[in-house]
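The structures come next, written out as structure tokens.
Next, two complexes with subunit A in common: one pairs it with subunit B, the other with subunit C.
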Partner chain A sequence: MNASGGRHALRSSLNGIARFVLVLATTLLGLVAITFFIGRVVPIDPVLAIVGDRAPPQVYERARQELGLDRPLIEQFAIYVKKAATGDFGNSVLTTNPVMSDIANVFPATLELATLGVLIGIFIGVPLGVLAAVRRGSLIDQFVRVLGLAGYSIPIFWLGLMGLLLFYAKLGWVAGPGRIDVTYSYLYTPVTNIVLLDTAMQGQWDAFWDAVSHIILPACLLGYFSLAYISRMTRSFMLNELAQEYVIAARVKGLSEFRVIWRHALRNAAVPLVTVIALSYANLLEGSVLTETVFAWPGLGQYITNSLQNADMNAVLGGTLVIGAVFVLLNLVSDLLYRLLDPRTR
Partner chain B sequence: MKRFSKFLLSAALVTTMATSFAAVQAATPPDTLVQAWQSDDIISLDPAEIFEFSSSEIAGNTYERLINYDPKDVSKIYGEVAESWTVSPDGKTFTFKIRQGKKFASGNPITAEDVVFSLQRAIILDKSPAFILGQFGFTKDNAKDKIKQTGPFELTMELDKAYAPTFVLYCLTSTVASVVDKKLAMQNEKDGDMGYNWLKTKYAGSGPYVIRDWKANEVLVLERNPNYDKKTPLARVIYRHIKETATQRLLLEKGDVDIARNLNPEELNALAKNPDIKIQNGPKGTVYYLGLNQKNPNLAKPEVREALKWLVDYSAIADTIMKNQGEVHQAFLPKGFLGAINDTPYKLDVAKAKDLLAKAGLKDGFSVTMDTRSTPQITGIAQAMQSTFAQAGVKLEIIPGDSKQTLTKYRARQHDIYIGNWGADYQDPNTNADTFAANDDNSDNAKAKPLAWRNSWDPGPLTAKTRAAVMERDPEKRAQMYKELQEAVLKDGPFVTFLQQVEVMALRKNVDGVVIGPSFDMNSVAQAKKN
Partner chain C sequence: MAGAPLLPESLPQAPARSSGLRAWLLSAEPHSRWQARLGRFYLGWRSFTSNPLAMLGLGIVLLLILMALLADFIAPYSPVTGGDLRTQRLLPPSETFWLGTDDQARDIFSRIIYGSRITLFVVVLVSIIATPIGLLVGTVSGYLGGWVDTVLMRVTDIFLAFPRLILALAFVAALGPGIENAVIAIAITSWPPYARIARAETLMIRNSDFIAAVKLQGASTPRIILGHVVPLCLSSLIVRVTLDMAGIILTAAGLGFLGLGAQPPTPEWGAMVATGRNYLIDQWWVAAMPGIAIFVVSLGFNLLGDGLRDVLDPKAAK
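Moving on to the complex of A and B:
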């Protein structure tokens, strides 16, 4: 690479960073604005969540003023943004904690589950999709199709309950709802709040295996749903690649079928696949409310839903911001991966 | 391909390792009671602020009050932290003697100073339940003069009027009058908050258990209080927040929890066949009712109000949708309260209702909406009423909504009919009379919003009668006054009261000694044990 090329690369990556920061800022600001105003027009009185239905008038009025609800909407918004910019996202009404400390508690639970789920989705979904494409019309292709269809159409809470009934209640293979048995929950100190990581780092292996036993079923369930999507998309990308001339050329060169499929075709299919995977991961990180409810998993989805139902707007706004940031970040990661995988975009 | 199968193999391996381990962990530890419970209503653990069902129950098991009542016979009031009390001849001054030798969980001795502090603190902090004590004329400004320590183990309370002694005593049995460890609370005081911000999530009491840990929407852990007079058989009680009732059932059947608190009638029915499970229930001081907004010209007609009372199939609702969870009750005072009427004069009588509607000039019925919380039970009840109303030509349109959303609308008097439930705030009949039968100001911008106001109903002379009943010092005369108030509301009021709530829980067979009290703060696990 010559000097001008180097400068060019530097400038473009600086540009990239600036663009990213700009995108992040505008996305988040837009999100806050929309969520804020929707939150204020929702016909639920947020004061009720604080003082309850029975509070005498003066207690009610005081709480209303403390929330700043007696001020004009635009002023309320300005105050919120100003505080948020300094990292103060307010307190949740329901849990009484600062919103960010709540999220530091619930987000790792979702992160843990979603990461495991998407890994299952990738490691099973991608090979299945490739197989289905290679053996198009075969039994395995049909199988993947049915698997995908079922994944799209079966309601997740039903599958979750059935899974619990079979693997937990009847067969006893996995532990029940919750992240860890109460007997183990005080054996380790939460550091990252990712139970698997915390227990492993502190050498509490009994607790670790108990946590594994708790997470395996909901993770498989989420894994199955992302698998359904990923395998279908892999199949269609692969079909597209397998019809390309370079595949024929590779075969003519005498490369083994394994190399042709897994090294050449899949490598090219991987480029659009990255976006698909990033999107499914983002979806799981958004928190799968129903899965979290069925499995009593104290994650982000449940947190936001519960807050929304109580018009606990600080919590809703904080949660939405985190999700927004996750989306933007994953977008960035998939952009970077794009460049890595596809030389043309460099 | 090979790599893939290797992956599958290792995944299978991990699964088996995990599962073989899980299989060992079935029952809960013998000294620990684990409950599955929808406890996301807890917003504070400070007794001065606690007013929600779940937190009241926690307070009842972790704090002691000056006086308390027997959950089996509400009329029996006894001293808990107090040893005895006297009322001055003019009825305005109460003097309490405190039991000596009692200790808080922290080890600090309980003295009159703590009791005085706790009562003053509740009034000064002025959170939602503070009005229960404020009713006696205590305010932020005078609390320190009116509630006074008169000796190391003696205190007096000076009321502004000579209220019925039963009224005063019952109010003192509520959680807002819990005794807080002054020394501990004040050690954690910040900016003159009397320890409020600390106590919201922490503990400073003397009850059977101490609150060890609370993770909102996840778990709450109680541990035996070593300083409590009557040692609890269990070392620990754990409340797990499990929102989904089907999940609660699975956990219970599997033995991962000992008690499931929120099962629905079908789930309870199914569990009745399980030999490892038993069902326990007890009536609660909560009534279910329809509120008929008097701003609606049809509902404002007395004949229509009465007709609707004849258009509810009370027993069918109690026997099916609310089986195990409610019994027919029609007066605004729940069974067990002083003066409660337990007769149920109304039943489904379409012909009578049609006559009344005809008299009101609505021979062909009318259309009306009902704001309905989208819970399975409330929706089920609403649908049952929709079908019986239709038999007399009343077209009921159900407007489903989230609970806080329907409540917001109700509090703004924008409903036609609201289907709600009302739990007593304290064990005295005034709690319900004050909201069902009194309304001092029926204008749109009134400050107080009792149920009568929410339904735009001016109860006329009943308001004055309700106010007089709290002053009546003869318990029998007082009971009679509440009977008359209930009769008047039953006949003409804009409330179709149809059920009294029954709380039901499903327990593992080996669990004993759990008490379901008439209010949530009287649900006790103090003497619960596992055989």
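Moving on to the complex of A and C:
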């Protein structure tokens, strides 16, 4: 019985994996289909953009054929999918580089900012949410509520500008827009393209602290938005856990309140929290588009908006697709982690 | 139904006619459908008004609507043509210009007043476009089930897989900047969550006895979906759409800030913040004031949505 049960479990988990892969594949294909569709709607004629409007008809026709625009739509889509699968989104008109290598260059900057943001969100948001749940209705609970409501209502780009005005222009506590001062930018060689890592690994501490003073404000800003979400969700998960019988049992056993809350209840609340954190990380990618514009942060968000303003569709669609794919993958990871952490789903 | 203790004698000085109306509304044995409906509405309204934050939200939203309707009478100056460029540019807030003037010597207060029309236009139009799409996709998917459900939900998931602003950006990039295109782009990115909610509700309704009864009476599938399933999905959807309106406003403002929404000289709040960016350090009010307007209005919609949820969808409220 044991062996057959094991085989059964194996088969069902294999089925689960197959389903997973299928869903992932169709979703990614759908993402590509949407960007392909958007690319086809563009009122700009891509051929004219290349040959110019004074080109003779033969040149125009040849360029059209080279771009594959004379073939049936479905064939064009097949070619587009094949290229997208290998990471080929064509060349950017603006930078003349392949879009994918541009993205590889700018993505670490976004990653650095979003990671720091989500870390701030976790380290402040989780304790706040726990306290709000434990002291329900208290001042700190109200504070978390207001913090969350404001987080859902404040335009992120505006808060960024006000932050710059206050902390950079008026108080001078932080450095202004950009990633690092020009004076420091030659002191280290970019290896990972994550400035904090590069400067720290090469022992350039002056450059490191300069980079810190640049990143701290946008990271706190993104951190605030993820904190608003994380603390609210932590509160509701914790309220759920604190009402469970095992909490009463732990208290009856005579465990300290600290232990009951932080070791027992939070540990169980942490399982659904993983999903929330992955989601908020994904949301920060979105927030980064506006934040990077405000802080002149050379990441993916700024790359997309710059390309947009120059009608550089290859770059826009490539960037959109990459963000969509990261979004899907993060969802996937959170799903897998959930299964891993919660024994009941096994 | 929990509002049973709302007895007329709690307000002894109330005129007889009103207490008669209240008794009629709260009657345990309504004589018509209308009476029952109005009675339920009244109870909902009672519990809504007892929530001060929800009332604050309602007040903000009503104020926004009034501002938009009466902009011509409230605004002291023109939102588009400015004053004297030599003497009235970038003036700080004062008695003549309550919120200061911008780089074109235009009164920021007047521009914010007129901008409420654009905000309202976006919110209303997006909900009018996105809600029916989500409702239809969700109910059809949930009621029919099978491969229709699989296909429709797959499509919904694909749209959900993009962060909203990014997808809207890509659509606006294709359609070209402008307020109408921004509305279309936001609507395209807004319907998937509505479809999800409508489907979940439909799955619960689908197997109930009254649907079986309607089916036995020979009602066609479209009739069942439109006449019996859709009305029951509405209340949770209304809550979701209201809660979403703040998000719609923020997305629209974000597009405007990036120069992809309403085009100048339209007084769109996000675009106004973008203008103020150039004068941030010395003339902070140009960027600050429209941002406060965006914040207050989305806060209003959030509070209103929270209040509506407590009344219409008590299960979801924690």
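Note that the second predicted complex is superposed on the first by the 276 of 346 C-alpha atoms of A that agree within 3 Å, B and C clash if a C-alpha of one lies under 4 Å from a C-alpha of the other, contacts with A are read in each partner's own complex, and residues count from 1 in each chain.
Just so we're on the same page, a contact is a pair of C-beta atoms (placed from the backbone, for glycine too) under 8 Å apart; a residue touches a chain by one contact, two chains touch by 3 or more.
Just so it is clear, the structure is predicted and the values come from calculations on it, not from any experiment.
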item: Partner chain in contact with A:Leu187 - subunit B first, subunit C second, else both or neither; value: neither
item: Touching partner for A:Ala296 - first (subunit B), second (subunit C), both, neither; value: first
item: Partner chain in contact with A:Gly39 - subunit B first, subunit C second, else both or neither; value: second
item: Subunit B versus subunit C as contact partner of A:Val212, first or second or both or neither; value: first
item: Contacts of A:Ala282 with subunit B and subunit C, given as first, second, both or neither; value: second
item: First (subunit B), second (subunit C), both or neither touched by A:Val316; value: second
item: Partner chain in contact with A:Phe327 - subunit B first, subunit C second, else both or neither; value: second
item: Which superposed partner A:Leu161 touches (first subunit B, second subunit C, both, neither); value: both
item: Subunit B versus subunit C as contact partner of A:Ala104, first or second or both or neither; value: neither
item: Interface residues of subunit A shared between complexes with subunit B and subunit C; value: 42-43, 161, 164-165, 169, 293-294, 309, 311
item: Footprint of subunit A on subunit C - complex, ascending; value: 154-155, 157-159, 161-167, 169-176, 246-247, 250, 253-254, 257-260, 270, 273, 276-277, 280-281, 284, 287-288, 291, 294-295, 298-299, 302-303, 318
item: In the complex, subunit A residues that touch subunit B; value: 42-45, 48-59, 62, 93-97, 102, 105, 123, 127, 161, 164-165, 168-169, 172-178, 181-183, 185-186, 206, 209-210, 212-213, 216, 258, 293-296, 298, 302-303, 306, 309-311
item: Subunit A-touching residues of subunit B, taken from the complex the two chains share; value: 1, 4, 7, 14-15, 17-19, 21-23, 25-26, 28-29, 32, 34, 40, 43-44, 51-52, 126-131, 134, 200-201, 213, 215-219, 221, 238, 240-244, 246-247, 250-251, 253-254, 256, 402-405, 407-409, 411, 425, 447-449
item: Contacting residues of subunit A [partner subunit C, same complex]; value: 23, 26-27, 30-31, 33-35, 38-39, 41-43, 149-150, 152-159, 161-162, 164-165, 169, 236, 239, 282-283, 285-286, 289-290, 293-294, 304-305, 308-309, 311, 313, 316-317, 320, 323-324, 327-328, 331
